[in-house]
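Below, each structure is written out as structure tokens.
In what comes next, chain A is part of two complexes: it sits with chain B in the first one and with chain C in the second one.
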Partner chain A sequence: MSESTAVTIDWAGLAPLVIVFAAAFVGLLAEATVPKSRRLPVQVALAVAALAAAFVAVVLNADKSGTVFALDGVAIGSVVIDGPGLFLQGTIAILSIVAVLLLAERRTVRGGDFVAEAAVVADSAADLEQRREDGATEIFPLTLFAVTGMMMFVTSGDLLTMFVALEMLSLPLYLLCGLAKRRRLISQEAALKYFLLGAFASAFYVYGMAMLYGFAGTVDLAGINAAGVGSGQPRMFLYIGVAMIAVALLFKAAAVPFHMWTPDVYTGAPTPVTALMAACVKVAAFGGLLRVFNVGLSSSAWDWHLILTVIAVATMIGGAIFAVTQRNIKRLLAYSSIANAGYLLIGVIALGDAVGQTMFYLAAYGFTVIAAFAVVSLVRDGDEEATHLARWAGLGKKSPGTAVVFTILMLALAGLPFTSGFTAKFSLFAAALQADELGLVIVGVVSSAILAFPYLRVVVLLWLNEPAPDAPTVNLPSPMAGTVVAAGVAATLILGVAPGFLLDIVDQASTFLNT
Partner chain B sequence: MDEISYAPAEGLLSFTWALIALPALGAAVLLLAGRRADKWGHWIGVTTIGAAFALALGLFASLAGLENKSADLDLFTILSVGGLDIEASLLFDPLSAVFCLLITGVGFLIHVYAVGYMSHDPGRRKFFAYFNLFAAAMLVLVLGGNYFMTFVGWEGVGLASYLLIAFWQLKPAAATAGKKAFLTNRVADVGFLLAMFLMLGTVGTLDFAGVFNAVEQGNSNGAAGLSEGTSLALGLLLLAAACGKSGQWPFQTWLPDAMEGPTPVSALIHAATMVTAGVYLIARSNVIFSLNPDVQTAVVVVGALTLLLGSIVGCAKDDIKRVLAWSTVSQIGYMFLAVGLGGAAFALGIIHLLAHGFFKAGLFLGSGSVMHAMNDQTDIRRFGGLWRTMPLTYATFAAGWLAIIGLFPFSGYFTKDPIIAAAFAREGWQGWVVGGAALLGAALTAFYMTRLFVLTFHGPKRWTEDVHPHESPAIMTGPLVLLGIGSLAAGGLMASPVTEWLTPVFGEQHEAHGHLSHMQVTVATTVAVVLGAALAWLLFRGGTDEVPRAAAWPVRAARADLGGEAVNRGLFERPSRLAASASVAMDGRVVDGAVNGLSAAVGGSSRRLLALQTGFVRSYALSILSGAVIVVAALMVVVTQ
Partner chain C sequence: MNELPLLSALVAVPLIGAVVVASIKRENAAVARWTALGFAGAVAVITALVALGFDYGDDAPWLQFTESYTWISAWDLDLSWGIDGIALLLVALTAGLTPIAMLAAWRDLDAVQRSVPAFFALVLALEAAMLATFLASNVLLFYFFFEAMLVPMYFLIGSYGTGPKKQYAAVKFFLYSLLGGLLMLVAVIALWVNNGGVFDWATLVESEPLEAGTLQNWLFLGFFVAFAIKAPFFPFHTWLPDAGGAAPAAVAALLVGVMDKIGTFAILRYCIPLFPDATKTFAPWVIGMSVIGVIYAAFVAIGQTDLKRLVAYTSIAHFGFIGLGIFAFTSESATGAVLYMFNHGLATGLLFIVVGFLTLRRGSAQIKDYGGAAKTLPLLAGIFLFAGLASLSLPGTAPFISEFLVLFGAFTENEPVAVVAALGIILAAAYVLWMYQRTMQGDRNPALDEVPAMKRDLTLREKALVAPLVIAILGFGFYPQPLIDAIEPAVDNTLGFVADDPAELPMGVSNE
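Right after this comes the complex of A and B.
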């Protein structure tokens, strides 16, 4: 068997992953070779260039459909090139560019919002010393590794590859969460919590994978799907496997009751990292969910439909209700991201009918939420972010520009017309109705109504309340954060007013390759 | 009848748009220039309207030279949806021509007068801006080539009248009057809107020609055109709109209140132009009305009722401007009566409208001159004997008085008598009723106008102590003299040429002959007028009480506007207030209760559920684990079922 083995690799299809992965290594080398003063521009330029090149590679692959690897002419489905995979890769690349720019922000906090060593005991002498230094630039290679993991996650065709991708995107993120320069202890706590719970969830994944292998005799998603119809093994393996895999993926997607890490980690992590998680990781997690359920588990849909529906309802209602009483803007956005996970779950449950609309929602939500976190990072009390909402009162009088931008973003999250929030929700719910998910859509609308309250309360706070005498200052955005906010708001408005072009794209890219 | 079509405009007539653009430009300059224009702004207003008058004369002459007597001008497309195109088109035909001349001509004189009248008012520039805006809107109204354009002008007139009536907006009465005029008009405008929707729904166009042809086809061969019910509904809806703008029953109450505006406003809006919009609308839509006997009857009833109502209330009022306002209500009633009678009477209505434009403008401006002299007092019980101190005002007012009561050979005789005759000519018992009402109205008009005239200019002086009457400056008396001459002569001069001029619009008509001959009607009217005037002369030549005395019920009823206000209060205000307080209660208890209860429930459950968020990793892990157990269990349950 061994002599005749010939592996063919579709390098062009693999290019997006290779480019970002290679750039991450080059970035690590740069840490060692480039003088400290020049590292930041080099790292930022490298990261942005790599992500842009990856995006170009994705676009060049646009019409492609197939597997990257083949053995003796037989396709091996470990990495799959198809419409949804490419679209999500492209979305991750673009959103990552925006997130990288936010990571590169150096004006709001002198030297950047990051320390070099996460593990130094908080507030010790060494910690105080490293806080005085300019921010670490290792965050850029770390981010690129995570992004590689995300892009692999949405294109992996078997559970094993997917697991590697999952760990690849998670590990750098655990580290990034602990690098905040201010409020070190909370940051370290966030990193630890995320790591422990993430490891816990990964264990579920591995166990579920083992169960499914036991059931289907393969980890290939298409193979599992085929086995769902005709396997002779006890179906118990299938059910436990589905449940375990679902738990792990829903953990990453932050669905109730696997959501509890989200508010703590979102609050503790440095805000640019939170933005990266809320936008890009969300895309990756739902990309994985879409693929697993559409490609691997659609034949057993009847079995998991009820429990996933229950989880979606709990997530939508829970996220919205939790958000209502939040007083911290980052926690509010965290719970809103949980509720949004619920809406996206509708798209997963609706399977093939809603793949395109779910992807549109992911892109629209990603831009809005990244811009929202960028604004959060700009409103500061001295050195620290003013995350308590009471401090935002009357911002419209002091900094009308920032307040207008944040108002637009809040309205978008609330789903008002002429923003991407409306078009995304509308198309997703419409698609779900096509798939006969009326009940879920009703819950989604009710949840949106509840969730509109905290968003609009922020708007009221911004415009109708008197500012406190020691109200937080708004740092005039540097080119970096300014670009992020501008890009996010522009995308929010464009996708709200003229969403047609992107809807056309997702429409064409909504078919998974069932290898 | 032949198909109705309008010839495209050529030559000078293609500049019809400038007629609107001139005053609109004036308004824009005055509003945008701000305080810088305070010193000279009013002359811009006067110049633009004067230029518009000159242009109107030129257009009039060009139109007279045309064979088909119409000029249609498409400016641009406002709206293009599906098969529907709404053009910004203008139509200059004999009907719009006479209206343009009236609006710009009389409007010009009133503008000149207002330069003097408003000279001490700090808001004079703004006043002239609104004045120009009003003229521009009114010109859009009469020049519009389709119902949409007419509606644009219609609403513009409503807006401008609101701004002008409430010009002294710090005076609560003026602010309220402006609001009342605007709201009443808006209610009636619904009729116009519905009529347009109906046209779009049935005919698919708002063009005059298209609608009229459809109505005519419907009349001659039912299947192809509009059904009888549709054109009946169209007529009634347009009538409602016309009643609102013209202050006809049941929308008459806003008109007298509108006297709260500066006096030139009363002259411009509520005598010469705005209130004539309703008459214009009916005259323009004469095809719809002529072919619907039921609608015509409705118009006749409204006209006859309003002319009586206006003249009765006019007898009981003591405010010089209010008497004139009620007289406007009554005179417009005559015009409605005329256009409702249809046929030859269409032209009679327009002629009366033109003559009325002159004499009522003169009367209003004269009353402004009197108020100017009497420290802005308006109570005729405190006037008297002014003929000696204000000879010019007296003379011009006398001209208006003679014209309105219609004694031979003054205006009203030539314009009102034929309407009364036409009313008598209506068939059957209706002729007697309507004719009798018109005749009675003429007697009452003579009575209240003579009362007004005598109490103001004759008899003993009943002035309050601090007034020192004086004649107004030349800039005010000049227009008065011109309008006075117009008042006396207009009717006689215009009667037959205007009828001929309007023939292309209303078609060739023959005078109907009914119950009484023209001679009989003339004699009867003259007798009625002389009796009414003589009675007033006898009663009031010795003056009157300085304050109103308690009086018998008919006088009390007339002083209370014959219940118009009471009806409004009972029929609209009280139910609205009740509905408002009911919905406030509903909102407070039920809606707010539900909303607050809901939000309390959500907030409470939010706080309670958040207790789960302990911050300990172990409890988070427990949550994940229990979630996993539930998922597995649920899968089992689903499967085993």
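Right after this comes the complex of A and C.
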């Protein structure tokens, strides 16, 4: 019977995903059809336009709450449109635009930071050949695929859709990590490491999903939540399932002890890709965590609360302490991103009380970190980035503008008032205290104090040390990277001084739809 | 609401000044100096207007000149300002000491090859943040500036300081203060969560305080530790000798003369009214710490070989007196403590500035590099002795009144403590006079004759900038009544929260 299988689709709700996904395919076609000299502007324009259109589509959906798909009028929760989902989609879209601009930077490195083929043996003749060529533009469609996956990840209403999204966001990233033009071997190592560990994480995810299906008889998050109180199946299935799903998600979020890949991959990947991972993937990973734990596992909070608390504490303290010992700016930022994952986990643990504040934190942190990596990509020793901290000594003398910007970003990461770092921490910790998580907040504060030391050491290096005679130069950024830095710093300051508007938005957008 | 937003102007003028001065080109050092001094002078003028319009009567509202503008409504964070007698004194101290410190540092930077506009911009930014902490009448607003102030001071010490340990000192200062501030942040948030989302100070003070018990005790500790680090009280003091020793002398004068007062000011403004029961619970401990601080820091000061570190240690001893005065909870001792905060700013500010003159001439802060210096620098030596004597509270100088009031008030409450603390006076005489004797008197150090600058007595600029301080120290030494009139109502309001007799409730705080 035709009406018994009538599927209705809310195309407007699906529009952000469709737009970015379609643009990715158009981008692939452009690779094949547009002459090489014109590919870069075409790809960048396409990517930015698609992401901007997706953002507009998200905004147009603003008041919507429901599922995209329905069968015979009965909602199917595979893709869910609700406040948090929309806010996170919008955040990912905006941050991706910024990241794409950074990917498009061509003035600081002639021809860009990327090669076309990741798998060519490093330093072989073919590799040297491709390094001489202008940078690959395949990175833009790949990025759009990853962004589609991220935007789907935060709106998935069941574990199966979420798995598809997880793979979709991960696979292009594995590849992107291996495309660095300099230090090919390290880049390839990063890609392989990320891929192998990511594949492990995915396997954990699938196994955990099977366990939860066995427990609840459904992969639907709301159904799993209902089963958390009513299922007659052995509770061991639930424990194992939650544990394994959590391992996969915490791996993406870079929480201790699943963080091992982070410093190596952040260092090895081309810096623009690192920025994409640190900002957008972080948003997606925590969007997923928030949804799974709020929608799917809130009824079994007693079962996972302790272990997640332990992980959050380990992440905050571990990230901060390891950050203290770092001598490489990218590794320092990697460990700082681990510690920040710990703070964000507080928001996950606090469940419904802190959803809005966690999202605010994600947006604020994303802008700051993307600008920080943009600055890292500008400070160069000849062809290569000067990532060793000692090389940054005295930058304030030679390039005061860059040093001022980086100082603001470091102070924001340290959580000083009048920066977004403070407002984000304040609102997150306040929400956590409201949820009676005093212990976690105190650990968070102690960790912030420890973490302030490495940031401060960077500031000391920038301003108080004498530059070496062969100190690295700060390349004048093209309008692309210039926009990235400006946008990141502007957001950092605006969200620090006048965060009211965004606080209102996350406040309104903080309720998950429990289908 | 008064007709002119004077308090907003007090914060805005130096802030705008900082931006203006920072945008001046590095080559135009003279322009930067004069512009900065102009802004600092404008702040002093506005302060004078506030002081003239201030109602010194006993029935005046607690906070005057109140202003309030909504900022982030989700957090009850308003730009709300208000001033009481205690804050008025400290604002006046800040507004007076800042231009003097600028004049003191006028030429210091010529030697170190650092950007002059940046230095003066940082000083103005520091002044704005310090004034804002005295004027804020919103707990979170206070916290914002309490933390933000670290940044300019950090650069002033780390970038413009002297000695091999300046970076170490700057980082130590920053991390110490940040740790205290972050612990306070937890308490600030917890206070907010537990009182239904209120940060407005007047509302908090007028409403029922938190129930006495564990929560109030922890919140008190969260606030108190931050303020005790800032003040600094023994045993939270270890950052100060490093910071004071490394900072340029003019900055050290601001650091010890004004910034450290924010700690003791905030104890009076926040700890006592918001957590009265916990304040009483912990008072014996704080008094114990204060007395240990007085004696311990004095002994350590005697043993110092570096002039700036020595002065820093004397300050820690003086902060012990202030803590004793506040936590003895008598009207005399608390009035004395507030007066002490003001007078200490004058005396130690002067002492640091004179030490700055000396070290700039000699190129060293080591006591052993001096000896018999008074022969060629009679006037400088005289001012040095005067500052030292003021710092040891010689009768006739302003600090004598405050120290006397503190000890007198404390004596009526707790004799043994007052007696032990009084030993600090004797020790103070020892470290001040011995310091003077080793540097200025005795056999002349032959090395001094090789330094031409050591033969140049005070210049006109130097005379002009120490004169107001000398006059103030002498003037308020003989006639402290105006100061006491200003602070007594505010002190009585504050102490009303910890009064043994519940009938002595404080008067209304709002201006409506």
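Following the convention adopted for this analysis, the second predicted complex is superposed on the first by the 512 of 515 C-alpha atoms of A that agree within 3 Å, B and C clash if a C-alpha of one lies under 4 Å from a C-alpha of the other, contacts with A are read in each partner's own complex, and residues count from 1 in each chain.
Everything that follows uses one rule, which is that a contact is a pair of C-beta atoms (placed from the backbone, for glycine too) under 8 Å apart; a residue touches a chain by one contact, two chains touch by 3 or more.
On a predicted model such as this, the values are computed, not experimentally measured, just so you know.
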First, second, both or neither for A:239, with chain B first and chain C second: first
First, second, both or neither for A:59, with chain B first and chain C second: neither
Touching partner for A:490 - first (chain B), second (chain C), both, neither: neither
Contacts of A:453 with chain B and chain C, given as first, second, both or neither: both
First, second, both or neither for A:193, with chain B first and chain C second: first
Which of chain B and chain C A:45 touches, first, second, both or neither: neither
First, second, both or neither for A:303, with chain B first and chain C second: first
Contacts of A:251 with chain B and chain C, given as first, second, both or neither: first
Contacts of A:430 with chain B and chain C, given as first, second, both or neither: second
Set of chain A residues, in rising order, touched by both chain B and chain C: 453
Touch list for chain A against partner chain C, complex: 411, 414-418, 422, 426-427, 429-430, 433-434, 438, 441-442, 445-446, 448-449, 452-453, 456-457, 460, 463-464, 498-500, 503-504, 507
Contact footprint of chain B on chain A as seen in their complex: 192-193, 196-197, 200-201, 204, 235, 239-240, 242-244, 246-247, 250-251, 257-258, 260-261, 263-264, 302-304, 306-307, 310-311, 318, 321-325, 450, 453
For the chain C and chain A complex, residues of the former touching the latter: 71-75, 143-145, 147-148, 150-151, 154-155, 158-159, 166-167, 170-171, 174-175, 178-179, 182-183, 185-186, 189-190, 192-193
For the chain B and chain A complex, residues of the former touching the latter: 599, 602-603, 605-607, 609-610, 612-613, 615, 617, 619-621, 623-624, 626-628, 630-632, 634-636, 638-639
